[in-house]
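Sharing a structure with you now.
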């Protein structure tokens, strides 16, 4: 009998002791965690990219619950996540226009001359430190720091030496914008069709000399659409893309160096084609 | 007695024999000069002239907008052709004044002062500032700022830096040989301006004759000539102060934190000329050398002279030259555009043909970079931290203390561009800091 | 019911149930495990003292246990000594048998060891090691023969080392020699008295 | 937790969420007992027994347990089954019990088991939990089998005690020693990730 | 001498991680940074020492006298779990900075087989009280040594060109293997 | 604008003439005297072992480089050749060829390439290979033959250190004469026996500044002090420091293996601790451990500590406060 009773007693006592300890712990040392934080953190994409301005998805969730961050603060998640987050907090989703990254340079391998043979660290930032290997001091260096920075595989280096951005994959996280030492990537609303593909502040002749596609500040585009486009520091600048009317676009596209023009957006067919190609790529 | 020096450092080949005995020649002022308004540490100067103006040599054409900046003066007399972007040796085009030389060389120098040693410190500094003098030793730091340290940092020692530790360069050496009195007088002016007690003129032992010449001209008891071991970077001010005075400039600090002002011999001579003759800084001595130059020379050139003119004067570039460096081989900047002008900070122009780039290996952790870094850094670790984006670690390991002397990369058997990585790190870290502040 | 009391009750209940279950398991297996353990000792004693029928534990301390063994006639045959020493990696636990005069080692067996497999672990191998220990004269301390020689060439109190595992071989040898010395001194001191324990 | 088809609940333990190769759980027994296939098998059987029965019990009593004493109760449940396994081996297979030494009792802290209770059984039905437990057990067994086979064959030239490599083969003793365990598992992990990458890419 | 042997052996020869394969999960998981490895090592050493004491008491005062050795597993694990919790609460109350440094590792320790292994091995080896304590401290130091060395190496490997599939656990295991090879040098040192 | 295109790069624009391949080549050259000595003492066995190890090492390196799509030109840097050579030099002359090849493959694969190749490894690759072999084939790795120059009439033969450890050589007065150790007329691993040949090569490396002389000096110092203390106390039991310095793998280890740049610290202070640590461990293992020789283990163990040493012995920056730690 003892053989059975003693172990039962021992175990019972152990259990009792242990549970009392836990009760004590539960009573004394409870850490409240807001269930909403957990719920929101679950919804977020968990890319932890920091585009929201917080140190990670979880930090963002905490900030949203506290009211420090807007519900649509996660550009990666887009509208869908914003809506879900808002519904947890009981708010209406704030409207969010999808943005994408755009490259403001057309200094392709053939258009923009090299200064000379570059020897050294093959990143844009490093090359930029020694002035870059391109004669143009403003254009794309083509080592693809932006591509490295993109967590979403939305960029690739084109054959022309300029990075290409896949509109569909881009989440507007802005990492490429940060990465580029020449500040030639910017986020624009996806429906903005007209882009200035140059950032050179050099005066026309100098700019022209180093890159065939540079903006030479001739003012043709400004004349075509004075409300939407201005010249500033030898460079055309779009002040408000909504003021560019469709019928003005042909005139804008008369730009002699094509430094301003319509963004080439892949049509759905083309998109399908590239997808297919990718599928068969080794 | 054992000659003083600092720990670590390297012994690169000298290359000084090419030009050491070439007396300073005057390069005739070119037909056009391009004077950038930004040639110094700090903010660019603001233009005071416009296209079409007629100006005199020495006339102020750019005005310093802030304390950390310097005035810019015309180096020839003539007509302003443009105030416009022009290629700059540092890479990006900057605003420059293009002047067509009228050949008159009519000057607008300020009045001469027969006895400059009687001037008040304030007046000396004012004249230095008016002359647009910046450090000619490389950093192009506005000299007037350096001469007026904060009141709580008394200066006791002036070091005149005649080390010229960069290989190939001999312009400082020629200055010491040809203008010893001017340098000594300039040093005395600096001492008066800063109220210091003693002056040390430091010269490396590969220029012993210059040191002897200087010593023979000194009458005052508070001026010494100190001959140091030839070692790169003997001329870097923190190492120089350590070698001469056994004082360590604290991390992130400046020489005045340990009561010292360091000035290059060229700067010292320029100070003398500015204070004594009211002559602004519109010319300087440079060394043109290297195996790609048919006639290596030491030249007195006007600021704004295009590189092409300088090279042509020395016989043009030889066949096969593929590397053109402004400055010395250790810290100089590669040039690609011969339209770029000589600026105040240009100490030399070197040309040679480099063999095809040597293969870069992964770091083999030989530790030679650590062994030679004069600042006590661990360059290989810094470079790796930077390569992998560990900015905090890189900063904790002292990346911001690097003076970019290049000793590490010189000694690296794996040919790793360490200095470029470190520069990248310094740039990124300062950018991040600016963002978080 | 409050949460706290539920916590206490549930955990206590879980404990009690598990205690009950385990006690059953414990009781069911206890006899067998104990038997396993005893059988191991028993078998070892029979191995090291051939023909042993019964044995008696007459002395026990840490890592040193002495049994006397008797044959089927009830005569004392000698001692079985259970002992342990440090080998190459860890403890080597072994047992050996001697005659009553402690002049001769009958046999040796290794009960537990963690020596290197294929090397030191060969001490458990009869051909490589144990057979050299049969019927050795132990009136003097035993000696290790290195490099090993044929069995016939071994001296009366010499055993072969294992090539490549001298340390393990040494360890066994040292343990045996030390145990013998200890046994003798215990007998001399009268702590172990064979006759008086006869009666059992 | 989104419910998967039952078959997937089972197969995920084999490859996608293999407890050893993917989740890196329960590394200690994995490394310690795989010096011989027989030990590996015994270990995986014992572990599977504990895992399956604990999952069963936990899944059935999960509603009764307040979440504050969840872990503690699971531990008691697991420990009880481990004790049973341990006593059973000691009673009926003493040599194996001796070989495995303290590693059978250590099943109690095997992260796989507690992990599965926490992550799965406490949230799923009894049936689903059982399937999950079976899958995980099989994944664990498979991993131990692979590892112990490599180690025994190279380290002793045998498999389950049978000579498989000819007498020309001189065993690599290192394989049955601790360094061999670490090295083999390390390389194996690399290979598995490599294969997985290839699979992903070809998808 | 005996005690010194147990101590040295626990650290260098029969190292918990490299020889017994105990505590591999934290060894792999918390060895990415030296700082956290040191904290983890200290936390483990601390808990090991206490566990050694308490488990010896339980074993020798309750389980053995009442013939309840088969309850070792259950009771040890419960003891460890509650101990860890108690220690955690205690540290949190008494020294918040220490809690910041160590506290977060404590829950991890509960399911760490090094602790449980210690209790079981000490029972298996039949150590007396003092020996058990020395064994506990030594094993903790051994664990700390291994995990800190590993963390140092892994910090360096962060900056190395390790092949993609081996990154993380794979290379860590290989390093552990070579470390174990190196530690063989100490074999046979304790006679 | 001139037509010539110029190079764009960051300063400095000068380089010391030493490069990785040159360093490696100098090490290979410095090993040649010892290689020649081993061929003299062990004849064809030495030759085939060298060939086997070199082939194993170079082929493995090539396979990995190809698999990782790295330029095969790095094969020519010579580091794999050194690893193969040094591995062969630390093997017993009687080792089977297939085992030697396994060692070479392991050395390069597990010792070097899994970490990322040249420069990334933590442990000395040749010694990883040797440690692997020692543990995989302990008997083969501790079976020795005498050099052909030594006539011996017993079937087995012990190395000087084995003799010391297991045959109580000091007390028995059978210690190998120092003269034999110096010339190499004794048993042991291929390349370790002739102190003279090794020292010639080592001198070249020191003179050329390929290796940091402080490492061998530190090892020799701490081993001498350690063994010297015991020798002075009990000359009838312990061998002299000189014997310890000349026997076993100490010279080859101290001058050629501990000095491997990749696996030794990069900081000056770290280097000194590393060297002293190796010497101490060698003494500890030789005098009190289970093995007669501890050079390999000591170097591997200190390799383990190198990352921590590098971190804790960072040089003091110019201008950094001394007091602050």
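Note that the chains are named A, B, C, D, E and F in the order they appear, and that numbering of residues resets to 1 at the start of each chain.
To be clear about the criterion, a residue touches a chain if its C-beta (ideal position, glycine included) is under 8 Å from a C-beta of that chain, and two chains touch if they have at least 3 such contacts.
Values in this document were obtained by computation on a predicted structure and should not be read as measured data.
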Any chain in contact with subunit B as well as subunit C: A, E, F
Number of hops, subunit D to subunit E, where each hop joins two touching chains: 1
Reference subunit D; chain at largest CA-centroid distance: B
More contacts between chains, A-E or B-E: A-E
Inter-centroid spacing, subunit F versus subunit C (mean Cα positions, whole Å): 44
Computed distance of Cα centres, subunit C from subunit A, in Å: 73
Averaged-CA centre spacing for the pair subunit E and subunit C, given as whole angstrom: 31
Centroid spacing, where centroids are CA-atom means, of subunit B and subunit D in whole angstrom: 69
In subunit F, residues with contacts to at least two other chains: 5-10, 110, 114, 116-117, 120, 132, 135, 138, 290, 310
Of all residues in subunit A, the ones touching two or more other chains: 3, 6-7, 10-11, 14-15, 18-19, 22-23, 26, 115-117, 119-121, 126, 129-132
Per-residue multi-chain contacts in subunit B, two or more chains: 322, 333-334, 336-337, 362, 381, 417, 420, 423
Interchain contacts (touch definition) - all pairs: A-B, A-C, A-D, A-E, A-F, B-E, B-F, C-D, C-E, C-F, D-E, D-F, E-F
Complex contact set, residues of subunit D against subunit A: 68-69, 72, 76
For the subunit C and subunit E complex, residues of the former touching the latter: 18-19, 22, 25-26, 29-30, 62, 86, 88-90, 167, 171
Sites on subunit D touched by subunit C in the complex: 35, 64-66, 68-69, 72-73, 76-77, 79-80, 83-84, 87-88, 90-92, 94, 98, 155-156, 171, 173, 176-177
Contact footprint of subunit F on subunit A as seen in their complex: 114-121, 126, 129-133
Residue numbers on subunit E that touch subunit F, as the complex places them: 34, 148-149, 152-153, 155-157, 160-163, 166, 171, 174-175, 177-179, 181-189
